[in-house]
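In structure tokens below, several structures.
The two complexes that follow have chain A in common; it is paired with chain B in the first and with chain C in the second.
== the complex of A and B ==
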């Protein structure tokens, strides 16, 4: 076990972990504010990736332009999702939301399969394939980009929730929906904004991470499982908690699969999740939108 | 309420009336396969292979003067779904010959049904050795396999690795991955050392931890057993790590996506053994590939080849049997001596065919293909 190898495990873990965090933040946000579990989260990621691919392949849009365009498009998609799913189920029991979002996820998966086919696709990014070496440790272009996007997105989200009127309204709704109504906060508007922001965050993750892997209609499934593990470890609905839990999971996985063997990788996440549910069901950092 | 009921009855009568005569006349070949789910892009290729086989047979006037058709049922490559798909094919569609599924687990689950229903079954894609062990003499007499199994591939791979001193394995964490590693390990030379063995779930896309370790341990060769899509991700990350050891065993060097990676020259010396490769040029293979590419704008994958050949072998047996009587077809299959795309297809005591294999090596950024006999 040489030191450069351990440092490489750490560097890998941090970059992968920030990616996990970024993918999970949108889920945490929607849960924290709307108290709705979004099972279509992975499919938002998937649709975002396919949208970016489509922009690049069919319209010839370069990656750096296609990426923000796709994020905006997915925010609009989030608004649609709010109209179709979150608003009609706002006052329904949680099973209704789970079933509704699950339905959305199945529909989206098969729709994408119908339109794009099931053959894996690939997005080209100018950063993919770039490697930097610092003191024997390798850093990869696209992964550095994911880390930067994750940190900027989290900082932006935290600032938005703290500093803006809308952000405060969102946090108020997370604390008490009925009180929101009493003080005149339009919870339907907050729901729409939350859904759009959640989808946009997920799209940010998709656009940054998709060039590293393949695109296929089921790609969201793995993302959603990882995101659930992260959100449960970090505390359901806790945004900074999700990012830190993602980081923790990424690093733990990196060391476990590097040193024990790749078979143990998923075991780490789910073991952490089970331990957390047993010992501290509110997650490391506690519940609700504390930013 | 009476009117819709009447209409419904009418519709059913019409539907039955329209399809019944053609059903009776067609020779039907049925198979389960992944139309949906993660492996559905391979299911698509299976369907295309079947379409081409059936079309060619019918252009030549069908078999025994009857039209040939096929039915593919979705299994998602899952054993339980493959069983219900095969049950439907046997009892409702009354197919004459059954083909196996893509995934070995699903194929194994269907085999007892073929035996119970006395239905000839041809395993056209799955490569798990146990299928052969269970078929033919002393076992399931109804199951035949037209493609080489992992044992045959592994023994060729083991022979190629005879000179290798240190080796690492990365394989998918499935029956296929684990048994393939076991088979190759058993055939390594006496002085060979296995540096590491990693098994990853078959949706894993991130190989950084394993590659990081390989950067320190530096084995002479890295043996890979996984699906193309996953192996391609591994190849991409491998190039970023600047590793030098060749990828051997079953890396996805033939995947269309891998082409630009190979062109970099970073994979020179890597090799793979495949049961089929569409870019192998021979008159028989060109005759199969050209119409396929013309129609689908992509070359046939191994699974398309497997399904195509199996339908041809089935048609050949039915022709020689002179009927679709299951016992006659089974006996005819046993005596198969079919001139396949890569060479003769004939079955041994365990109803296993011993096809030629493709050995593909990367040289100067390009693939060099040769045909080698299986052992």
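== the complex of A and C ==
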């Protein structure tokens, strides 16, 4: 196995890993700020991907237009999720939210199965087949696009959380909900914005990654499985932790499937998660540097 | 018994299996206050263990039923050691991930499980050398096992350990102050949950004579959550009623699997959102007690 092969694994792993990180950041955001686990997170990814497919196939909308439209639609879906699940359960035990989001995930999965059937679908992207060769390593167009979207979205998120009034309110809520009430922060508004932002981030990942994989109704399960692993490895609710853990998972998976075989790829996330839980249950970074 | 159609007998047997599974979840969710999504994992472990021991090693199936239960209990312990030390959020995630991982293993360890092809021709259960032939014999057997399962649950929760389990659920700091080790009690609960589900899995494997990795699927958790939560988690008979109603109902309405799951999803959402008193009865007391160690 020569060096260019290893570099190829690394390049593939980094691009997919950034995508995983982006998908998981939405989950980490909702957990960090609302202290709620969103089990419907994978279904946001799945519905986003199917929406993009539907826009392209049935309405003939080109990828570059369909992608932002889909992200906006999924942000609106995040708002709906806030109204239906997060807001009515603000003062309830967290199991309520887990069960409610699980229920939403069951509903969405089966609705999509009823509407689209179980045959895998495929999204065409204008970047398909575009490659760039640098020093014997192939960089695929779609993979470069995923990396760029992930980095830009994360930078945007960090700037939003640090620089804007709303972002500060979100960070305040992550620290202390009761104190937020005392200084007059509208908790319900922050909850809505957080849910919408979490869904939009996940939809960004879905739109960029979907052309690389087949679409099927329970694809969300795989996404949420990996996102959970990422969030636990990076520290529950830790945003930069989630991004780095996503990167780590992508690279580890790429090497595992390249060197051991593709069947080992999907077990990597769980193995890393269990090791992390045994050695350091709070994750690599813990919650101290949450945002 | 021969007057009853085989279809009704089949539903009866499945009801018995789901009674055991519902009690497995009930021990965790109802009596220990921990939302565990690992019941299908123990169910699948029990099914594969019993099927493989019978087919590969030629063990007698009355012995493998006990082994399946033990395998379920050991799986509960093995999963409990890393997961029960976590915050209760992470616990839910890890139990779900473990189930998905076992499904991956069952699909990919072709040499042992034949992967997606599944294991076929699993012989029926032999009791004292007598094979359980026919569905009516199976119904009698499962009815007896359900009674045993419910009785075992009652014995567990009314024992000293069971009272400690409920004490930890209701007020963890107070339980610790009374000298109870919450981790040990929860491990015990997880092992009991695993044993019940493992037994159910073995019955399922020998009854249907075929299993595949789909047995680890989330759809079982989906049905169980509706059965246990709507029936009444933390009560002895509520989950039994839930298991009976929600095994028979989809069959009676002859629903497609997607429609059934959709209905369960809607039902689960409605119960969780609009029966707050019910939910508060099961979970409310823990809010004051705070979450596990990792939070």
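The rule is short, and it goes like this: the second predicted complex is superposed on the first by the 287 of 291 C-alpha atoms of A that agree within 3 Å, B and C clash if a C-alpha of one lies under 4 Å from a C-alpha of the other, contacts with A are read in each partner's own complex, and residues count from 1 in each chain.
The rule we apply is simple: a residue touches a chain if its C-beta (ideal position, glycine included) is under 8 Å from a C-beta of that chain, and two chains touch if they have at least 3 such contacts.
Not measured: the values here are computed from a predicted model.
After superposition onto chain A, partners chain B and chain C are found to clash with each other. In the overlay built on the shared chain, the residue A:62 is in contact with neither chain B nor chain C. Looking at the shared chain after the overlay, A:106 reaches chain C, while chain B stays out of its contact range. In the superposition on chain A, A:94 contacts chain C only, with no contact to chain B. Using the contact criterion defined above for the overlaid structures, shared-chain residue A:278 touches chain C, although it does not reach chain B. In the overlay built on the shared chain, the residue A:140 is in contact with chain B alone; chain C does not reach it.
Once chain A of one complex is fitted onto chain A of the other, the partner contacts of A:156 are absent, as it touches neither chain B nor chain C.
Contact with chain B, but none with chain C, is seen for A:129 once the two complexes are overlaid on the shared chain.
In the superposition on chain A, contact of A:119 is made with chain B only, not with chain C. Within the superposed three-chain model, A:216 lies in touch with chain B and out of touch with chain C [touch as defined at top]. Chain A residues in contact with chain B (one complex) as well as with chain C (other complex) are 110, 113, 221, 263, 266. Within the complex formed with chain A, the chain C residues making contact are 35, 82-83, 85-90, 92-94, 96-98, 100-101, 104-105, 108, 218, 222, 225, 229, 258-259, 261-262, 264-266, 268-269, 272-273, 276, 279-280, 283-284, 286-287, 291, 294.
For chain B in complex with chain A, the residues that touch the partner chain are 36-38, 40-41, 43-44, 170, 173, 196-201, 203-210, 212-213, 215-216, 229, 232-233, 236, 239-242, 257, 298. Contact residues on chain A toward chain C in their complex (touch as defined above): 31, 35, 37, 84-85, 88-89, 92-96, 98-100, 102-107, 109-111, 113-114, 221, 225, 228-229, 232, 236, 263, 266-267, 270, 273-274, 277-278, 281-282.
On the chain A side of its complex with chain B, the touching residues are 2, 4-5, 8-9, 12, 16, 110, 113, 117-120, 122, 128-129, 131, 138, 140, 212-214, 216-218, 221-222, 253-255, 257-258, 261-263, 265-266.
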